[in-house]
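Note that chain A is present in both complexes that follow, paired respectively with chain B and with chain C.
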Partner chain A sequence: MESAHPARGAFDRMTALFWRRPKLLTALLIAPPLLWLGVVYVGSLAALLLQSFYSIDEFSGIVVPEFTLKTYAELLIPSNYDVIVRTVTMAAAVTLASVAIAFPVAFFAARHAKGRWKAVFYLGVMLPLWSSYLVKVYAWKLILAKEGIITWAAEGIGAGNVLGAVLAIPVIGGNSLSTSYIGTFLVFVYVWLPYMILPMQASLERVPTSMLEASADLGARGWRTFRSVILPLALPGVIAGSIFTFSLTLGDYIIPQIIGSSRFFIGQAVYSLQGTAGNIPLAAAFAVVPIVIMLVYLAVARKMGAFDAL
Partner chain B sequence: MHSDARPPLGLTIGAILGLLFLHLPILLIFLYAFTTEDRSYQFPPPGLTTKWFAVAWNREDIWPPLYLSLRVAAISSGMALVLGTLCAAAMARARFFGRDTISLLVILPIALPGIITGMSLRSAFAVADIPFSTWTIVLGHATFCIVIVYNNAVARFRRLGASMLEASADLGANSFQTFRHVILPNLGSALLAGGMLAFALSFDEVIVTTFTAGQQSTLPIWMLNELVRPRQRPVTNVVAIVVFTATFLPILAAYYLTRGGEETAGGGK
Partner chain C sequence: MTAAVEFLNVSRHFGTVRAVDRVDLSIAEGSFFAMLGPSGSGKTTCLRLISGFEKPTAGTIRIFGEDMGEVPPNRRHVNTVFQDYALFPHMNVRDNVAYGLMVRGVDRRSRRDKAEEMLSLVKLDGFGDRKPAQLSGGQRQRVALARALVNEPRVLLLDEPLGALDLKLREAMQDELKALQRRLGITFVFVTHDQGEALSMADRVAVFNEGRIAQVGTPSEVYDRPATRFVADFVGSSNVLPPDLTRSFGGPECWASLRPEAIRFAPAAEARATGRVSALRYLGSGTRVALEAGGQEIAVLVPAGNPLPAVGDRAGLTWDSDALHLMEGA
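This part shows the complex of A and B:
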């Protein structure tokens, strides 16, 4: 137990031990969080996977703990398959709209905002990102209600029949904005937009100014530079952002429950199956769908270099 | 790294509209808390009143969920502080086998949709026959709060570097004294920021909670029920303002504690 310092107490002896075996200290530090995540989180994911291979007895409603693929086969019956297609379509639409709305904000913040404006843009994106999810959804319930501000504004500027015409569109329309797919879509875009802006802004900040100058020197005008230089270099950020918007839309069940038509999304299916229906195996199988979709998505994103922008 | 040219007008307008789109909806909540109309979401409000704040204060069904939310948020962010800091300390010390796997594991609970974390825990409780309690809620919340603390702490550890710790050792401090007198003071504001963000996240969380709470009601769950079956709509608005403030203030504080570095809090929710 001889070290550089004479041992004075238990703490010093331990220090000497850590000094001689640095890996021991690292292992001691990492053990508690690793145990927690390993047992609580990975253990739960394993339980989810396990449950999805069980099935439910149709007559007694009791879970049969035997391995079967029957539950996964149930995902393919039309009413369940429709839920999956509907959710993925919504996730794709939300992602595309987020890219379009996020771009000017991210571009301005990354390349034009200076000093105080930089802070304004940073907080301007950060505060909505972190402020209460439920409060944000609630705000939209007020906005989209039939007697709410949008109807009032539309009638005020004499566009009441335009709103009526939009709501009359089959499938995406409805009785009011708050009971239509348009409403669901708007709220999804609103709530996930900051998740798109931040990685986009990070990747735009990394586009070297010299490249833009080179592009200009070679005779490219604004639009050409944008398409051939900025966009390819910003793509990893866009993909990183799309991972969030896509994944979060796939798994959400509160927004379509509060604002939208009564037709289910994956999240609602999972929630109602595990709750009132008590069919945990099918709920688990439904929950595995977004995991699989996201794994494929992540594999593609990784190939395109999206993780450098995170 | 700025363009010298003035931004095109279209870009400026797009950026401003984007920011307005992010902020205007929330302001509406504040207006509706004062409306005299309690059966619909009529705009503009037919009249203004402050009575709903008193009504909300006297509603006895609001207080127990509020206490539960505060308790869960306090315990969860406390646990996340310990686990997240330990994890960041280990990751900052050395490159070791499985390091990338661990960083992935830490991020996973918020990278995957909440419904997966929630449904996984629900499955685990079903498999292991665990009854719902405050602790089943904490289990979920602490798991996704770890990454928030971790992100804040790991950036600060990186800046701290090894030389300070070596200097402390050279001056005769043991590991525990170094931790107490060198690491902790340097880490302090980052941990405070991480802890507050974790608190805000937990206080507001609803998706995972609906799977792990059973019959218990946190404040967000209370709000969710009011959204699905409204009773006194302006009271819900008052609660929404309280929830908004309880998450808004810690975020703002976390920003001011850590700004001016590359590690500004909140970059990775």
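This part shows the complex of A and C:
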């Protein structure tokens, strides 16, 4: 009697080939994404980095393809530097606010919501992501406008002067919410919040209940357990979420254009520099700023032990 | 003397499930107490009622005479060794052990000294700087022990303390836990589904079944004189005889327990009963012979080195007359 079935066609022979050479299958599977990441993605990043070391000829407006740090020096001109400070401050504020708002939501979803409520949670968090970003931003413009529902509601409950006082705060205030930094901030927080909640919820879900019980068992009150056990264990999720909120805010050029004072953010600066101004090197240098900030941020987070619990 | 832990008619219901059903229990101070039962029998819930992670639906729990009704877990003089150890993965071993002291605001230096002392108590000197992930299962369990003992609890609770360890380590830890309890002199309450573990470590054993305590007693009481059919079967897999079989085996008409190791093979003339051998199971230290007698399976434990019958043989059985334990209340 035969001890093996004969091969039945090409697929059988292919299966046999992959069985004999398992690395061949891995190579075939990994090649397309590797090409995409390596060439298209990392390649364009390298091109970007290269461009940022070029400069523009002030008279002809032509890019001079020679290595120089002149373009980076231009970032330190007050008008450019302001753009960076403004953007980083906004990104940090948006991230902190997202952490503060997302944590209770994520905590509830991870530790208390079961079955149907969990589904409701996911739907509630994901639903805003299904509608167009532009639609949401314009909707917020209407909500925040001087004639919008917030002003109307504030006046209706007799809090019109409170709103007036908030808008009278220098720098972050303005003529109306939709033309102030407060408005920009609110819309950023709204739009990026799901990206903070989801990773946070995933990391909180991985903290076993017995660990919280152990903390209480050893005498800890709620706040101590939160600080010494929950927060450190959830930190990888918080960092993951903050990478989203921070870097998305750093790079966004549509929200500050539609809502807020018309002062530039990094994204808008890049957009206008590579467009009408044709200053590709400076646009590239601006684009490198968020990348460097994120690298520094991750290095600091790592140093502080944010990934120890991974 | 006040009991270390006392349950007065305690129930804990989850919806319609009665996890713990009208339990009365008293655990003496300084004893090594086992809660034994199959999964879902309510033993773990009882442990969590003592630690405070569950609140009774009805009844009163006292610890050293004090009603625990309104006392949260962090204020009870009770500490727990969790089944999965629940060590904090982001802290090193020393910080894990010192956690209870940090919470109470003990200064860093005393914390360190005390943690090292506890680590040496559980024979883990020099492991303070490691992370829990770098330890073996047995070492992690010792850390969990040290962490629970650092607050000097009056009652130590252990939830399936040896469940995750392999056999050899389990046996060594049994002796060690027992020695530790004697040395510290505090009350240990542990939950287990392993009857061997309960019998070998505990001073007293409570056998749980379906949310109720079937029997409380010393290990030998529970083993030799089981109060119910359940206890007889669960602790040491005894032969549980229905009333008619007890009678044909020479007893009165009531349920009885007959330990497999109490039965011997005998010539037909001297036999108290006969049966047909249906299966043999080799155990190393002996062989478990299953026989068909009076319409029921009877197990006989034959120590190694004795002659064995073959499957299908008819065999006579005998036992000492006091081996037949009657269970009137069953």
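What we mean here is this: the second predicted complex is superposed on the first by the 278 of 310 C-alpha atoms of A that agree within 3 Å, B and C clash if a C-alpha of one lies under 4 Å from a C-alpha of the other, contacts with A are read in each partner's own complex, and residues count from 1 in each chain.
Keep this in mind: a residue touches a chain if its C-beta (ideal position, glycine included) is under 8 Å from a C-beta of that chain, and two chains touch if they have at least 3 such contacts.
This structure is a prediction, so every number in the text was calculated from the model and none was measured.
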Inset, instruction - Using the touch definition from the top, say if A:Phe264 reaches chain B (first), chain C (second), both or neither. - result: neither
Inset, instruction - Applying the touch criterion given at the start, work out whether A:Val229 contacts chain B, chain C, both or neither, answering first, second, both or neither. - result: second
Legend entry - When both partners are placed on the shared chain, which of chain B and chain C touches more of chain A: B
Inset, instruction - Considering only the touch criterion stated at the top, classify A:Arg221 as touching first (chain B), second (chain C), both, or neither. - result: second
Legend entry - Which of chain B and chain C A:Ser210 touches, first, second, both or neither: second
Inset, instruction - Pick one for A:Arg111: touches chain B only (first), chain C only (second), both, or neither. - result: first
Inset, instruction - Have a look at where A:Tyr297 lands relative to chain B and chain C in the superposition and call it first, second, both or neither. - result: neither
Inset, instruction - Go through chain A and flag every residue that touches chain B in one model and chain C in the other. - result: 208
Inset, instruction - Flag every residue of chain C that touches chain A in the complex, lowest number first. - result: 51, 53, 72-75, 78-80, 82-84, 86-90, 99-100, 102-104, 147-148, 150-151
Legend entry - Residues of chain B that touch chain A when the two form their complex: 1-3, 7-8, 10-15, 17-19, 21-23, 25-26, 28-29, 32, 40-44, 82-84, 86-87, 89-91, 93-94, 96, 102, 105-106, 108-109, 111-117, 119-124, 126-128, 139, 142-143, 146, 169, 172, 174-177, 197, 200-201, 204-207, 210-211, 220, 223-224, 227-228, 236, 240, 243-244, 247-248, 251-252, 255, 259, 264, 266-269
Inset, instruction - Would you tell me which residues of chain A are touching chain C in their complex? - result: 208, 210-211, 213-221, 224, 228-229, 232-233, 305, 308-309
Legend entry - Interfacial residue positions of chain A with respect to chain B in the complex: 5, 11-12, 14-15, 18-19, 22-23, 25-26, 29-30, 32-34, 36-38, 40-45, 47-48, 50-51, 63, 101-105, 107-112, 114, 119, 121-143, 145, 147-149, 151-152, 190, 193-195, 197-198, 205, 208-209, 212, 222, 243, 247-248, 250-254, 257-258, 266-267, 270-271, 274, 280, 283-284, 287, 290-291, 294, 310
